[in-house]
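Each structure below appears as C-alpha cells.
Two complexes follow with chain A in common, the first pairing it with chain B and the second with chain C.
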Partner chain A sequence: MKTSTFPTIPRRLLLTLPAVLFLLAFFILPLVDNGLRSIVQADGNGITFARYVQLLTDQFYLTSIAQTIALSAAVTVICVLIGYPVAYYLVRHAGRWSGLIIFLLIAPLLTSIIMRTYGWQVLFARRGFINTLLVQDLGLLDTPLRVLDTPGLVVAAFVHVLVPFMVLSIAAVLQGIDRRLEESAQLLGAGRLRTFFEVTLPLSIDGIGTGSILVFMVANGSFVTLVLLGGGLKTLPLLIFQQFNTTRDFGMASTMSTVLLVVALVCLFLQLRLVRRGGEA
Partner chain B sequence: MVTQTSRKPAELRLEGLEKRFGNAVAVSSVSVTVEPATLVALLGPSGCGKTTTLRMIAGFERPDSGRILVGGTDITSLPPHRRALGMVFQNYSLFPHKTVGENVAFGLRMAGMARAERDEAVGRMLDLVQLSALVDRYPSQLSGGQQQRVALARSLVPNPRVLLLDEPLGALDKNLRESMQFELRSMQQRFGITTVLVTHDQEEALSMSDQIAVMSRGRILQIGGATEIYDRPASRFVAEFLGTSNIFTGTVRSNGVMIVAGGTTGCTLQLPPGAPTSGPVLLSVRPERLVIGDAAAELPNRLDAYIQSRAFRGTYAAYQLDVPALGREIYVYRQAGGPLGTLTFPVGTTVSVGWNLEDSVVVEDDE
Partner chain C sequence: MSFFRRLDLGRAILTAFVVAFFVFMTLPIGIVVVASFTDASFVAFPISGWSLRWFRRIFEYQPYLDSIAVSLQIAFGATALSCLIGIPAAIALARSPSAWASAVMTYLLSPLSMPMIVIGFAALFFLSRVGVGVSFTALLIAHTTVCLPYIVRTVAATYRGTARSYEEAAALLGANPLQVFWHVILPLIRPGIVAGSLFSFLVSFDNLPISYFFGQPGTLTLPVVMLSYMEHQFDPSIAALSTLQLLLAIVGLVIVDRLYGIDKMTMGD
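Presenting the complex of A and B:
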C-alpha cells in the first residue's frame, strides 16, 4: 500500500499538458470572464442576477430560447430523415460508387458557409434565379414567390450545411453492422421492414446519436445563416450578436451566452442518455 | 422430454443447382437429397461452393438454375423469412442489443406467438441447452461456447423444417469443439431435424454426419457415409482431402499388376480385385494401413524404404519414409505399442513397408 497522501500524477498525463493549457487559456478563462460579466452590475460595483431574471421571465427572451431549441431540433430531425436513407444507400448499395458519393457529400464543405448561404439568396431573391424563371421566363406565376425571409428557408439552409455530418456519422456505424445479423433475423421470420426496425435501426442508433449531437450543437450556436437569411427568427446567437455589435450591452450578451451554453449542455445530456439507453437495450 | 408441436421431419432436395458470379462458376450441378432427420455435411476447402450452396438453401442467393425442395415443396423463389429454416452462423450472429431470452424468443415473436406461450417455449429451450441462468445476459457477456448454444437454441425454438449449420464450431478452441460436436449432434438427433452442415474440417464432418458430400470447384465429387468416403474414396481429391493418402500413379500392365515409374528402378504393384485391366491407374493407400518392419515381410506389395523423419502424435507415430526405387516419400502411421516411452523405428534405418491388397483403393484422377 502506498503511504503518500498526495495523489500521484502518472507521467503520461504530462503529455496532455499542452492541450490542457490551451483549453485553459482559450476556453475556460474566457468562459469564466463571460460568466463574471453577466453578473457584475453595469456600474462595475457589486453583483446582480437581474439580467438572468429578466432573461428567464421576459416573454421576448423566452420566445427566443424556444425558437433556438425548436430550430435546432427541426434541423436535426430533418437531417436524420434525409441523412439516414443516403447513408444506408451509401453503405449497402453504392458499391464502387461509394467513394464518389462521399466526395459529393464532402465537396460542399470545401466552400465557405457564407458563399453557400448567399447561394440561397441568389436562388430565391425577389428577382433571383428561380423567381425570374417562374415569373418572367415561364410566366407560371404572377407574383414572385416569397421564400427568402421565411423560417422554412432558414431550416433548409441549415440542413443543407449540416446533413453531410449526419450522413457520415450514420454511415460509419452502418458500415460496422454484420450483415449476418440481418440474415439471421430474416431466417427467423422477419421480413425486410421488420429486420430493419428490429436489427438495423437499433444497431445504428449510435450513429444517429453522434450525428444528432453534432448537428444540433452546430445549429444551436450558428448565426451567420440567420443573419443572412433572417426568416423572422430571433434565436439566442442572433441576439447575442446584436447585443455585442448594435446595442453594445455586453452584460446582457454574456448572460445570453451563459444561458445558451446551459441549454446546449442540457440538450447534450438528454441526447446522450437517449442514445445510451437505445444502444444498450 | 417432448418438444413443442413437432413438425414431421422433412426431406431436403437440391436439384441441379447452378450459380455463377460474373464469369466464375461458384456452384455447378449440385444435387443432393437429405433424408428426413439426417445430417449431411458439405465438406470442402474454401471456395469450393459449399457456402454458396448453403446460402442458396437459405435464400440469400438465388440459383441461376435448379430447384430446392423441402418436404416436396419448391421453395426456390421464396424469400428467406418465409422458408421456415433455422441457421447457425460461424460467428453465432446473436443480436448484440437483445438479451439471451430476447434472442431466443425472436423467431417466435416474428411468428406472432403470444407472450406467455413464447416465454414458456424459450424457458424450455434454454433449460435444454442449460442456459436458463443466463436469460437476461447480453451476448457480449457470454463465452464462445455459451453463445454457440444460444445460437442453436434460437434457431431451433421456432421448429424449423431444416437446420443449416455454417461452420458452426469454427470459432471455438479445440477441446470445446469436440464436446460441441457431440452436443450439436445429439440435439440434431433429439429434435429429429433435417440438417445441412457446411465445414472444411474433415474431423467435424466425419464425426457428426450421416452422409458427407465432398465438394471441390463447385461440384460434388462424392456423397456417402463417413466410412465409405474415407475407406472408398472415389477420386484422388477425396482421398487426399479427407485424411492423408499415399497415391501411386502408374499403368496397368496385365491382370492386376501396375507399373510405377520413377526413382532408381520403379516398381510393380499388385492391384486390389476389381481394378481396371488396362490404361493409367491411381492406387491410394492410407498411412495407417501400411505395415512397416518385419511384419511387412509376408505382404504381397512390399517396398524398401528409409526412415527420413518421424513424429510422435500420442496415439500413433507418423513416419516419413523415402522410397529410393520410386524416388518419392510415403507416409506411415503406426499405432502406439511396445514399451512406454519409446518409438519402434529410429530415423536413418532401412525398413520394409507393405500392405494388403484389400487395404488399397483404385481412385480416379481428378486433378
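Presenting the complex of A and C:
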C-alpha cells in the first residue's frame, strides 16, 4: 500500500492521457473545426450566421428538420410500445428461454446495415417473398403491395435495428423492481392491470427514458437506411449526405451537422442525468 | 401446481406477441440467407433452384476482394490501436470514485453518442487540413475514434468486477506495478479485452457512415463497395456476402461466449 496517494494521481493521468489526447485531436477538434466552417463566410473572411438563419427559415430545411424529428419520435414511440412487452416477458416469464431471447435480440446487431436493408427489399419487392406469398400462394391479393419506397417501411427498418436497445434498457430496470411492491398492490385488491399501470409501469419509467433517449439519438443520425429504402423522406443526415455528394455545399452541410451534434449533446446530457438519478435511487 | 395459471389469457397474448416480435426481428435477416443460395441472377420468389454460384461470385469480383482486405486491415488496426490507448485508460479510471474520473470516462465514451455521419464528415475535412488527407491512415484514425469507446467500456466493466485483493497481494509480495499489471491485472481483464475487441472489430468492419467519406481507391471498405454495388445491381451476390459476414460474426460471438460467457459482459453495465 506504499504506492497510494502521492504516485497514483500522476500515474492515473499518464495512463489516461494517450486516449484523452487522441480523442481531443481526432474527435473534438474536427467537430470544432466543423462548427467553425458553418459560421465562416464563403470567401473565408469574417463570420456569418446566415446559414443558421437559412436553416431555420427556409421552408425546405424546416421541412427536413420536422421530418427528422417526426421520424425519430415515431420510431422511439413504436420501440417503447413494442419493446416494453418483450422486456416484460424476458424478465418475468422467459425462464430458461431467456438465453435464447437475448441471443435473438443481439443477433440483428451482428448483421450489417446493408444486409438488413437488403432484406427489407427482398421481402417487399414486387416479386419478393411477401408479395409472392400474398398474391400467388395464398391468393389474398390481386396486385402486389407497394411497400418499398414508403415512409412506413423506413420506420419499420429503423424500429428493427433499434428496438433491441429499448428492450435491454427496460429489462435492466424491470429486473431491479421489488416484486413485493406488486404483490402488496394485489393483496390490497388491485387487479393485475391496475397493478401494472399503477405500480410496475411507474417504477420502470427510467428504463423507458434511457431506452428512448438512446433510440432517438441513434435514429436522428442514421442515413444509410434512408439512402437505400427511400420513402421520400429528406432528413438532415440524408441532406448532409446529398450535399456532400452532389451539391457540394460544404458550409451548409457543416451547419446541419452542427445542429445534429447539438441535438446529440442534449440527448447525452439527458441520458447522464437519468443514469445519475438511477444510481442514487 | 402452476399449470392452470400458465394457461391464462393475458399470458397467452403476451407470448403470442413475443413470438410475432421475433418473426419480425428474424424475417429480414433470414430471407437474405435464403436468397443467397438461389441459382437465379436476381432475387425473386419462389426460389427457382439452389446453388452456391453467388458465393463463388464474391471471389471472382475483384472490388469485393480488395475492399475485404482494406476492411480487415482497418478493423484490425483500429481495434489494436484502441486497445493500446484504451486499456490503460480503462484501468486507470474504472475504480476511481472521483467525479473527475467519471467525467473523463464520459468523455472517452462520448463518440458512441454522436451521429456517425457528423464524425465522418468532420474528420474528413479536418484530417485533410492537417495533411493526412484521404488516406488509409486517415480512415484508420477515424475508425479508432468510434472503436475506442467499446474497448474502454468493456474493459472498465470487467476490471470493476474483479477483486482488488489479487493486486494487493501481488504488491505485498513485492511485485512492481508493471509486474502487477502483466501477471495479475491482464489475465483478469482478458475476457473484457477479447469481448471489447470483438465488438470493436465488428463495429469497424460494418461501418458505413464514416468510411463513406473516405471513398478513394485504396480506402474503399467492404460496406462502401456493397452500397455502390446495390445502387446499380440487385443480384444475389450482396446476399451471399451478407450471409458470409453474418456467419463470421456468429462464429466470433460463439467463440467468445464459449471462452468467457458473453451475457456477463453485455449485461455487465
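The working rule: the second predicted complex is superposed on the first by the 232 of 281 C-alpha atoms of A that agree within 3 Å, B and C clash if a C-alpha of one lies under 4 Å from a C-alpha of the other, contacts with A are read in each partner's own complex, and residues count from 1 in each chain.
Assume a residue touches a chain if its C-beta (ideal position, glycine included) is under 8 Å from a C-beta of that chain, and two chains touch if they have at least 3 such contacts.
Remember, it's a predicted structure, so these values are computed and weren't measured experimentally.
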{"item": "Chain B versus chain C as contact partner of A:A185, first or second or both or neither", "value": "first"}
{"item": "When both partners are placed on the shared chain, which of chain B and chain C touches more of chain A", "value": "C"}
{"item": "First (chain B), second (chain C), both or neither touched by A:T247", "value": "neither"}
{"item": "Partner chain in contact with A:I114 - chain B first, chain C second, else both or neither", "value": "second"}
{"item": "First (chain B), second (chain C), both or neither touched by A:Q54", "value": "neither"}
{"item": "Which superposed partner A:L260 touches (first chain B, second chain C, both, neither)", "value": "second"}
{"item": "Contact residues of chain A, present in both the chain B and the chain C interface", "value": "none"}
{"item": "In the complex, chain A residues that touch chain B", "value": "178, 180-181, 183-191, 194-195, 198-199, 202-203, 279-281"}
{"item": "Of all residues in chain C, those that touch chain A in their complex", "value": "10-11, 14-15, 17-18, 21-22, 24-29, 31-32, 35, 43-46, 84-86, 88-89, 91-93, 96, 101, 104, 106-108, 110-111, 113-119, 121-123, 125-127, 129, 141-142, 144-145, 148, 152, 168, 171, 177, 202, 206, 208-209, 212-213, 223, 226-227, 230, 234, 238-239, 242-243, 245-246, 249-250, 253, 263, 266-267"}
{"item": "Residues of chain A that touch chain C when the two form their complex", "value": "1, 3, 11-13, 15-16, 18-20, 22-23, 26-27, 29-31, 33-34, 37, 82, 85-86, 88-89, 93, 99, 101-102, 104-108, 110-116, 118-123, 125, 127-129, 132-133, 157, 160, 163-164, 168, 172, 192, 217, 220-224, 227-228, 237, 240-241, 244, 250, 253-254, 257, 260-261, 264, 267-268, 271-272"}
{"item": "Chain B - residues contacting chain A, complex", "value": "58-60, 79-87, 89, 91, 93, 95-97, 106-107, 110-111, 154-155, 158"}
